[in-house]
Structure formats: structure tokens, C-alpha cells
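Okay, so chain A shows up in both of these, paired with chain B first and chain C after.
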Partner chain A sequence: MVREVAESCVDTMLMEMVAMYSGRFYANKPELAARRIEAIGYQVGHQLSERYTMERPRFSDHLEAIKFICKDFWSEVFKKQIDNLKTNHRGTFVLQDNKFRWLSRVSVEPSPEKETEDPSTPGESKAAQAVSMYLYFPCGIIRGVLSNLGIPCAVSADISSLPTCSFVIRVKA
Partner chain B sequence: MIVCVSVVGHQNNPLYIQSFTDADDALKLHHVVHCSLDVIEERVNNPKKSGTTLNEAFLGLLYPTVNYKVYGYLTNTKVKFILVTTDLDVRDTDVTSFFRKFHAAYVDAVSNPFHVPGKKITSTTFAQTVCNIVGSYGLN
Partner chain C sequence: MQFFGGSEISPSPPVPTASGNNAHMMYVFNRNGICLLYKEWNRPLHTLNPQQDHKLMFGLLFSLKSLTAKMDPVNADKGNLGVPQLPGQGCSFHSFRTNTYKLSFMETPSGIKIILVTHPKTGDLRESLKYIYSLYVEYVVKNPIYSPGSPIKSELFNTALDQYVRSIS
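Moving on to the complex of A and B:
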């Protein structure tokens, strides 16, 4: 029997996890909080990969595994597929999700001037930093899935334009 | 009759091994399982072009010894399931459905947040489920 949980519970738990780790446990050490959250994501990805690769035949190469993440895995976890996959055929993959589900409720501040983009404004970088804490968990999940499939890698996220979110996977040779 | 089932991790570390008979020496069965790991490696690294496809999970009969038949199953995450049976006539479909149920039980055991990946599976629920699957296999 499959037991289900309301999605709002998952959302709230993720928000609380980031708040606890960056606010209480590692209050002034965002790098340590990020590393801890990513490690939690790694274990979750590890276990989810066992479950979602059960029915499938084995993957023949790295691209097959990445396509599995883009289609089947993303639909199971986020109820949609990755919108765009780019690769440089040398071990780097960029997965772009145009409406990342876990960031869909984050408010996007409209920038006052569109012509001149000033990346050094403190308000913008603080907001970007706050949002980036929420991305360590999905990065960890992707890293956990890939390493359980035998592909060691490093995953980072890029949120230059919300709600579009890109995950960059660099496969370690 | 199934005499032994085993789960071996991707670094050939044993995660679970359970024998279902008191008659035979448990150590001998462990040895049989260990030897079959070599056969799996060979099967995976040198795929036979004829017949079995490269990417099937079920590896089929690994090697028949005097008394036993050993079947293998390789998951996507390089975890190997090994089944040792003394039946003389065994249908592939029976073994495949056994491995499928075993895989489902394994996934449930690994999803336990207190389970450390790479360490032995200590869940009593898993042991109980495996006993049930082995019991129901014999009835078919």
C-alpha cells in the first residue's frame, strides 16, 4: 500500500530544514550549513535512485543516466520533466527547469532598471544568497542519484533568472 | 527448494545473506555465493552478443554445480542478488518474479533512513519479507 503525504508538508519541511541549518545549527557558517544540507540530499538521492531505477534495464552510458534523471526521475519527484538539457559532450551537463517546483513560491523582486544591471547591489546578492540555500538539497539529490548509478560528479545550481533554475553537472573523469 | 539468497553491494561487499536449510553447511553456501560473484563480473564485462541483451537486470543461470543452481540479478545500482536453489527443473519466469519481489523488498529496506548504505541490512522486516517470498516461491 502506497502512503501519501501532502505536498505542502514537503515544502514546509524543506523550508524549515534550510532555516534550521542556516539559522540555528551553523548560524554564521553558511558553507557548513550548505555542505550539511547537500549531504542530506545525497543520502535521499541515493535511496530514491534505488526505488526509481527498479523497473528499468541498466543504463549503457552516462547520457542515458542523465536522460533518466531529466525524464523519469524529475517527473517522479517534481511532477514534470526537465525542460532543456545541454551538454558539451565532455562531461558537463546543464539541466534547465523553467519553473522549479521548490522555488515556485519564492517572490521575485522586479528589478527597477532593466538596462543597467548592477550585480554589486547588496539587496540583490542577499536575495540570491538566500535562495541559493534552498538549492543545495536538490543538488545533493542529483549527486546522490548519479553516484549510486556509478557516475561520480559535482552538481551546482544557477539561479540567474527565477523561476528558471539550471543545474550544472560536472562528471568526474 | 531455495536454500540461500544473498544481496551483495557494488564493491562486492555482502549486505545480506540468509540460508533456508539446516541440512547443508551454511559456510559452503556462502562460498558458492562468493564464487558466483566472479561469474557475474565476467558476464557483465564480456557481454554475449547472442541472446541475452546487455542491459537486462536478470542474468539467468550463472553456473550449475553438482547439487545447486545459482541465479543472478544485477540492479541499476550495481547491487547483485544471488539465489541458490536445489530444484532440478526451474522455470525462468518463476525466478524472475522471485527476483522482482526481492528487489521490491530490498528497495524498502534501503529506503530506511537509519540504514547506512554499504553496511549490512539489519532490518527484521526485510528478513521477514524475504522468508515470506521464499515460502510462497516453493508453493508455485
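Moving on to the complex of A and C:
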């Protein structure tokens, strides 16, 4: 029997999780908050991968496992597949989602008072940092899934162009 | 709520043909009177500076709500004015019309007030205001980096809102 939960509940809970960790528990230590959130994601990914690979045989190689994440896993969790997969065949994979579901409503405020288009101004990086906090959870999920499939790795995210989001997976040799 | 029937004799501006600028301006206030959003599409006349304008608008609505509830000849149950009510429940005013504009108003149970000022020949905008509220929930409330009570700066919301309001005839 499948039990369902409203998506807005999940969205709000994720928002609150990030707000709690980066605002209350580790208020001035964003790296610790990030690590904690990523660890939660890791546990979630671990358990989700058990559930979604129940009837499947083992994956023959790393590429098969990554393809599983791009197609089946992403559809189960985000109701769509990864739009673009790139690899350098040496352990680095880039998964690009053109409209990442958890960032679909994030909108950085347009800044009318800036005269220069300098990307390293404090306002720009604060907004980028605020948004990047929300990506540690999905990165953790991916890392959890892969480690449960026997592939230790490091996952990071790149949001140079919202709402497109790229996850970079570096498999540990 | 019309004080005088829309008489054809009093001068009114020509009806625009849904060319995209039927709305004059829009305000969104929260429960505490903070103006979360003020958008202007077509407002040739500015009488007051923005701060006074917002304060006047909020005060006006507060008084009008209170007046309409107290003068209600029909409702036996004198609800407490501070109690959150669904739009349409109890006695709540939803629009007033002058010879030059129509002001439509909606208040949600959470205290968000949406005011849209349009051309006087506009019909009932209650459904439109409900849709605008749903846009607000979607793009502002669910935006992780929005902090409640602060002015709305979301591009997604502004674009969607602009598109929608321009399509209201």
C-alpha cells in the first residue's frame, strides 16, 4: 500500500531544515550546517536506493549505476529524468537537470542599484550562497545512493544558471 | 459596493480594448500593514508620496472593512473583526467603484490583502484576485529565500503576475 504525502509538505520541510541548520543550529558556521544537511541527505539516499533497486540485478559498471540514477531514480524522486549526462570516462560525471524541482520557485531578487556587473559583489555571492544551501541535501542523496551501490564518490552542485542545476559526481578511484 | 449607480452621464475614460493595460496599480499588504508589493501599470496621477500612499490605502481598507461589518443589516452574528475569515464569509466588502476607477479587494484568512485598481467598467474580479493569491503562494511563500513580512522581490512572481494582470480584460 502506497502512502502519499502532499508535495508542499515536503517542500516546506526541506525549506525549514535548511533554515534551522543554517539559521539556528550552526548559525555562523555554514560549512558545518552544510555538512550536516549533506549527511542527512546521505542517509535518505541510502534508504531510497534500497527501496528503488529491490527487484533489479546488480549494476555491471559505474556507468550503469549512474544511468539508473539519471532515469529511474530521478523519475521516482523528482518525477522527471535527468536532461543531460556528460562524462569524461575517467570517473567524473555531470548530471544536468534543466528545471530542478526543488529550485523551481527560487528566484533571486533583481538588483537595480548596482552599476557594475561584477559577479563577485557581496550581494551576488550572498544570494548564491543562500541558494547553494538548498543543494547540499540532493547532493547527499546522490552520494548515499551511489555508496549503497558500492561506488564511493564526492558530489557537488553547480547553479550558475537557475533553474538549471548540474550535479558533478567524482568517483573515488 | 456602489454609492451611486454607474451613470453614463458622468465622464469616464474610454474603455481600453484589452490591449494589456487595463489595470492601473496593485497593492499587496500583510496582516501588519507592511506593503509587500506595489505595482503600477498605468497611473498618470500621483497625489501622495509612496509611504503616505501605502498608509492611506491600508487605513482606508481597515476602516471600510470595519464600516461594512458594523452596518450590515442582515447578519445576526456579530463576528469579531480580528477573526480570520475565508473570502466571502461573514461580511466583507470586495470592491468599490468611482467614475474613474474600480478598486477590488480580497483578504485571505492569513491576513494578506490584495488590492487591484482597474478601469471602472471591469467586472467582478474576485476570481482573478484568488488566482493572484495562488500565484503568491506558489512563487513567494514557497520560495526558500523569501522571508515572510519582507517586500516581495521574486522575479518569477513578478513575471507571472504581470502576464496575468495584462490578460485580465
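Here is the rule we use: the second predicted complex is superposed on the first by the 163 of 173 C-alpha atoms of A that agree within 3 Å, B and C clash if a C-alpha of one lies under 4 Å from a C-alpha of the other, contacts with A are read in each partner's own complex, and residues count from 1 in each chain.
We take it that a contact is a pair of C-beta atoms (placed from the backbone, for glycine too) under 8 Å apart; a residue touches a chain by one contact, two chains touch by 3 or more.
No experiment lies behind these values; they were computed from the predicted model shown.
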Touching A:Ser107, do we find chain B (first), chain C (second), both, or neither? second
* To do: With the two complexes superposed on chain A, say which partner A:Arg51 touches: chain B (first), chain C (second), both, or neither.
  => first
For this session: Classify the contacts of A:Leu63 with the two partner chains as first (chain B alone), second (chain C alone), both, or neither.
Result: neither
Scan A:Met13 for contacts with chain B and chain C and give back first, second, both or neither. neither
- So, A:Val131: does it touch chain B (first), chain C (second), both, or neither? second
Problem - Partner chain(s) touched by A:Asn148 [first = chain B, second = chain C, both, neither] - result: first
Looking at the overlay, what does A:Leu32 touch: chain B (first), chain C (second), both, or neither? neither
Note: overlapping chain A surface for chain B and chain C spans none
Chain C partner, complex, touching residues on chain A are 8, 11-12, 14-15, 18-19, 105-110, 127, 130-131, 134
The chain A residues in contact with chain B across the complex are 43, 46-47, 49-51, 53-54, 56-60, 148-150
Seen from chain C, its contact residues with chain A in the complex are 138-139, 142-145, 153-157
Interface with chain A, chain B side, in the complex: residues 10, 53-57, 74-79, 103-104, 106-107, 110-111, 113, 117
